[in-house]
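Following: one structure in structure tokens, then a few remarks.
Chain nomenclature is as follows: A, B, C and D, assigned in order of appearance, with residue numbering initiated at 1 for each chain independently.
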Amino acid sequence: MNFASDNAGPVPAQVLEALARVNTGYAASYGGDDVTAEVADRVRDLFEAPGAAVYLVATGTAANALALATLCPPFGTIFCTQHAHIHEDECNAPEFYTGGAKLTLVPEGDMMTPATLRAAIEGEGNRGVHGPQRGPVSITNVTEGGNVYSVGEVAALCDVAQEFGLPVHLDGARLANACVKLGCTPAEMTWKIGVDIAVFGGTKNGLMDAEAVVIFDPDAPASSGYTRAQEFELRVKRAGHLYSKHRFVAAQFLAYLEDGLWRDLATRANARCETLAAGLEAMGVEIVNKTRANMLFFRAPLGVHDAVKAAGAVYHLMGNAPTSPKAVATGRLVCSWSTTEADVTSFLEAVKAAH
Amino acid sequence: MNFASDNAGPVPAQVLEALARVNTGYAASYGGDDVTAEVADRVRDLFEAPGAAVYLVATGTAANALALATLCPPFGTIFCTQHAHIHEDECNAPEFYTGGAKLTLVPEGDMMTPATLRAAIEGEGNRGVHGPQRGPVSITNVTEGGNVYSVGEVAALCDVAQEFGLPVHLDGARLANACVKLGCTPAEMTWKIGVDIAVFGGTKNGLMDAEAVVIFDPDAPASSGYTRAQEFELRVKRAGHLYSKHRFVAAQFLAYLEDGLWRDLATRANARCETLAAGLEAMGVEIVNKTRANMLFFRAPLGVHDAVKAAGAVYHLMGNAPTSPKAVATGRLVCSWSTTEADVTSFLEAVKAAH
Amino acid sequence: MNFASDNAGPVPAQVLEALARVNTGYAASYGGDDVTAEVADRVRDLFEAPGAAVYLVATGTAANALALATLCPPFGTIFCTQHAHIHEDECNAPEFYTGGAKLTLVPEGDMMTPATLRAAIEGEGNRGVHGPQRGPVSITNVTEGGNVYSVGEVAALCDVAQEFGLPVHLDGARLANACVKLGCTPAEMTWKIGVDIAVFGGTKNGLMDAEAVVIFDPDAPASSGYTRAQEFELRVKRAGHLYSKHRFVAAQFLAYLEDGLWRDLATRANARCETLAAGLEAMGVEIVNKTRANMLFFRAPLGVHDAVKAAGAVYHLMGNAPTSPKAVATGRLVCSWSTTEADVTSFLEAVKAAH
Amino acid sequence: MNFASDNAGPVPAQVLEALARVNTGYAASYGGDDVTAEVADRVRDLFEAPGAAVYLVATGTAANALALATLCPPFGTIFCTQHAHIHEDECNAPEFYTGGAKLTLVPEGDMMTPATLRAAIEGEGNRGVHGPQRGPVSITNVTEGGNVYSVGEVAALCDVAQEFGLPVHLDGARLANACVKLGCTPAEMTWKIGVDIAVFGGTKNGLMDAEAVVIFDPDAPASSGYTRAQEFELRVKRAGHLYSKHRFVAAQFLAYLEDGLWRDLATRANARCETLAAGLEAMGVEIVNKTRANMLFFRAPLGVHDAVKAAGAVYHLMGNAPTSPKAVATGRLVCSWSTTEADVTSFLEAVKAAH
């Protein structure tokens, strides 16, 4: 019963099968192959965005940082929450890729509201050349705190961005999980409400290492004066993220898109998480995040965590760990496509026994 | 009665005289001249730091950013307050110079405490390669909020930095004003309590454009593997901050150091500010900053500000200005060496009349 | 008969089998897994370098740029030839990763000599802070021109670097092919003769996307003041090159190292190239590169190239293509592990027919 | 008799007088003052460019690097000669400011021709995302080798740039000397023939530290998507090159522009150089640069150089100095506004005596 992360488990058989399927004959390198072209078409279909440019990279950090650098000049600032992956977990990748832009943290917690976002934007734009210039708004859905913004909530944030003429980046490392939770289409949660560039994550939802970056308006000017599509391609190569045997990255996405596999995998992960939540709530355990997809944060005394872990559960405690057994700590449980019902049952039994 | 900034007024006659004095014959360029060597010696004497390396640059932003880049690798983070000049007023200069480091903002306001600094440092060091690495602590004295840290307060912050093995940068754009206020020596407020690199500002205190950067341990390793002194010199040149006719920058500092001019100028500015404060307090006006040097922040209804400005006073209101005449806004008054007693008297009279 | 590049063909079955083998259960992410640890051990064994640090990234551009950034400060310059991949084919990746270092091109062609390297180094070190500081020497073996430096030749270049105290980077995208050609061990062509960081390429020699970076002295200081190993790890993460499901990158290398697969694959590619060369030479066709591994550059009239391509051969012409059928152009033929004897025979027949 | 550089001498009295003249009362900081506005107007008048944006910075390196960063994206390359100041003498400043662009060196020597420039541009644009993208052409006039391009020669280079859609930067550290030599107007040697951004140097021609950057098409898009003027302003601030007491930088330029002082100073320097050249030629000394302004390169045995220096002459030898007294070395003589006829006479006598 490993709930450490949705990057700790195996990949579905379809992914390996797809790799085997494309492993034949010669193909143009660096993304000039047919598999890559087909994936781009299918992503465009899925997002109902025939004019979009679609690129594949192998990590979420690369996808986010490259997208942000395409939208933000070096003297700009990116608006995000203090818990955004781009702020907390990417070792300054956005600062590196943008050439020294700043991140303005919108308080508090893992979710922005139109009011907090507007206040943050207004706070940055009044010092002329002395302060950074307003840059893109970066929204994460599912958030790092395990919450799912509703379509309306993201739309309202995009409206604020648009009011100030700022582009919107969506960190969708768990876009599939959010999409399933919201019961909407990918289009409805992205470009239809104002997202300019979306990262459509694959890795956390079952692929080996593949993320799609979808640029909905590829001809718009980027931070360099090139178009967004041109600049993104150049930045990808310059960062060493252009894979020579590109068909093997693309093949993973092909499997992901066939027969709605991406949706099935996320549905399974979300369902396990709901069972976990129901079980914990039934025991009166406090759950921190209210609108869940595949992650759950729960509070319990350190002694309970220790006992549950001793029973075989693997997961992380948040923040700097306390030392007293009675001190309350927050545990993070992440379900993935490979989480089984047995895992969930065992976990809940372990908590029950520890309480 | 101009209280807009300590960079709005003229320079003392001694500065122009010094320029004239060195304007004779030929001299080695790029800092190889005798005037520059003499200034470095005198700064070392003043700081009682015979082993220090001393460099002159023409702006505080350059001085700060170059010093920070010497102390912080691109994957590091700098600890400062949300009102630090390096965060709010340098258009991402530290991010640019460091090659993409981050600034971690220590809450709240313009002053850190050992507790808030420690919490901020502890909050950044626990994510391995995923988060930024702990970098230098940057302290500003006088703060941007017009407050003066005591020697003991800075020492306590340096102790926290040292506990984590982090170097300390002092933004001393108004070091002279703080020094006069504290009644201490430059050494006592810098290296004797743990400051590694101090910016000894000249521009805000009467020079045309000259700041001294004092590196107390020039042979310590810098962020590049070079020594701090070597790296600083290279970064200065690479940024276009190495002046070819260096004697003219140095001459300003020569004047500044002769007969304690730097101290006299700051003493005058601070004295004017105290008179202002006494006058405002006598009228019951709320002053925001408690331990002042040459800046004063006071709260009054917008209508009062308008009336005072109409009477000829020049100064800035903080933040996004309110629109209702009854709304209270904070005004910033900055005294410089050239502020006269008459300016102060006129200002106080204008406030009195407006109340 | 596709000779376009060694990145155009399929991967051997062992690679896919290895992926399947590790696709079971849960594993620590970001390289904390057992497969990654085992690969590092085996690379250390292969290189007879028990103290080396070993990292895997997915592209050669990333491997090179990250290694160079670990060795070169932003104000330094890297010595390489004008045809080095890092200069011609990485869209400024070294400049990006180092934060703005320069590349000093050692003339002429694709190979340095001790004399040309020494002259280049001496030409850069005499302007104090005005010019860039001398940084690492970057050697490519097999070169981009298809030539193989002998062990002694690389040793002589390393000696020059050492004379000036400069570290040496080896771009070994085709290290396996060079190693087979030279009949030496990996150790003999790297650290035993003075290479500090070697890229041990996998992608061009049969893997999907995996390169090993071998840092022979991981505790030496890097360009940031951190050790080379620490800095490399941080730079990898900051650039988005740290794969969360790291076991799938590692598994490829596991297959590569088992039973000397890497050597077998390179042996096959080199052998095909030799057959090609013998056939062309027998026809009197001029071959440009003298000491070949798996690449061959040959000169022929454009009309011949056109005819050969019309017969089904796929390969690139170098430089800006001429337009007259009689103009002589240089074709590049790259053999890979999957090049068959039939491919070679067909190609030679096509040339014969076209002559 | 100091011929070391045109940055080694004093400044004319008019410069100090101008500083004194503006040193009165309060002025808006950061360039918002009247003196700065007047200078911008006068530069526009001088260049007959009413729509130009004019900025002042304190060093030529800053002026060049900021201008180039405004014209070149991080994945671009700048075309210049191998002896360009931006390549040899700015410690990677262009690479730093552009965020990692490359410099493509146009062979040979210190002057480009349309043919060599075209070949260099064509050599960079044929590798798609793999190579750098073509960026600005940077021309220096007077060149670092002391040669003056004719107006027609610069026009021809601009035509090549325009053919490829590339902007042109003019490093005019010695623009005044070139202008006097050519007997043309500033407009005729810049925007009228295709220069997009010109640096109008002041420091080498008598100012303390002031260079004007003239952006002829300020509304054109810059490398960030902002306009050139907006981006330049932001980059200036971000680099710490925005002077708070801006009137003192501006005052120097005011003096420079009054009564054609800039032209008088350059005329004096050029005249001294011609006398030097005539004297040396009369003695049969070989002069390297043919179309001189205020610099002269001459070849003589090391023994002669030693004797002349022993007689009191100060100047630099080029390259790595030889050691044998009979070996021929090239000396560089730079005349400035303050070079006297007596200096020239003494120098020529010393050479005569040494021969």
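Assume contacts are C-beta pairs under 8 Å (C-beta built on N, C-alpha and C of every residue); 3 or more make two chains touch, one makes a residue touch a chain.
All values reported here derive from a predicted model rather than from experimental measurement.
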| item | value |
| --- | --- |
| Same-interface partner of B-D, chosen from the options A-D, A-C or C-D, over half of the pairs matching | A-C |
| Chain at maximum distance from chain A, centres defined as averaged CA atoms | D |
| Centre-to-centre distance between chain C and chain A (centres being mean Cα positions), rounded to whole Å | 34 |
| Chain centre separation in whole Å, for chain B relative to chain A (CA means) | 41 |
| Separation of chain B from chain C, taking each centre as the mean of its C-alpha atoms, in whole Å | 50 |
| Residue numbers of chain C (touch at least two other chains) | 30, 74-75, 90-92, 96, 99-100, 129-130, 234, 237-238, 242 |
| Topology of the chain contact graph, where touching chains are joined (line, ring, star, complete, other) | complete |
| Touch list for chain B against partner chain D, complex | 2, 4-5, 7-11, 16, 19-20, 23-30, 57-66, 90-93, 96, 203-204, 208-209, 234, 237-245, 248-249, 314 |
| Chain C-touching residues of chain B, taken from the complex the two chains share | 30, 73-75, 99-100, 129-130, 133, 221-226, 231, 233-238, 242 |
| Interfacial residue positions of chain A with respect to chain B in the complex | 74-77, 88-92, 95-96, 98-103, 105, 122-123, 126-127, 129-132, 320 |
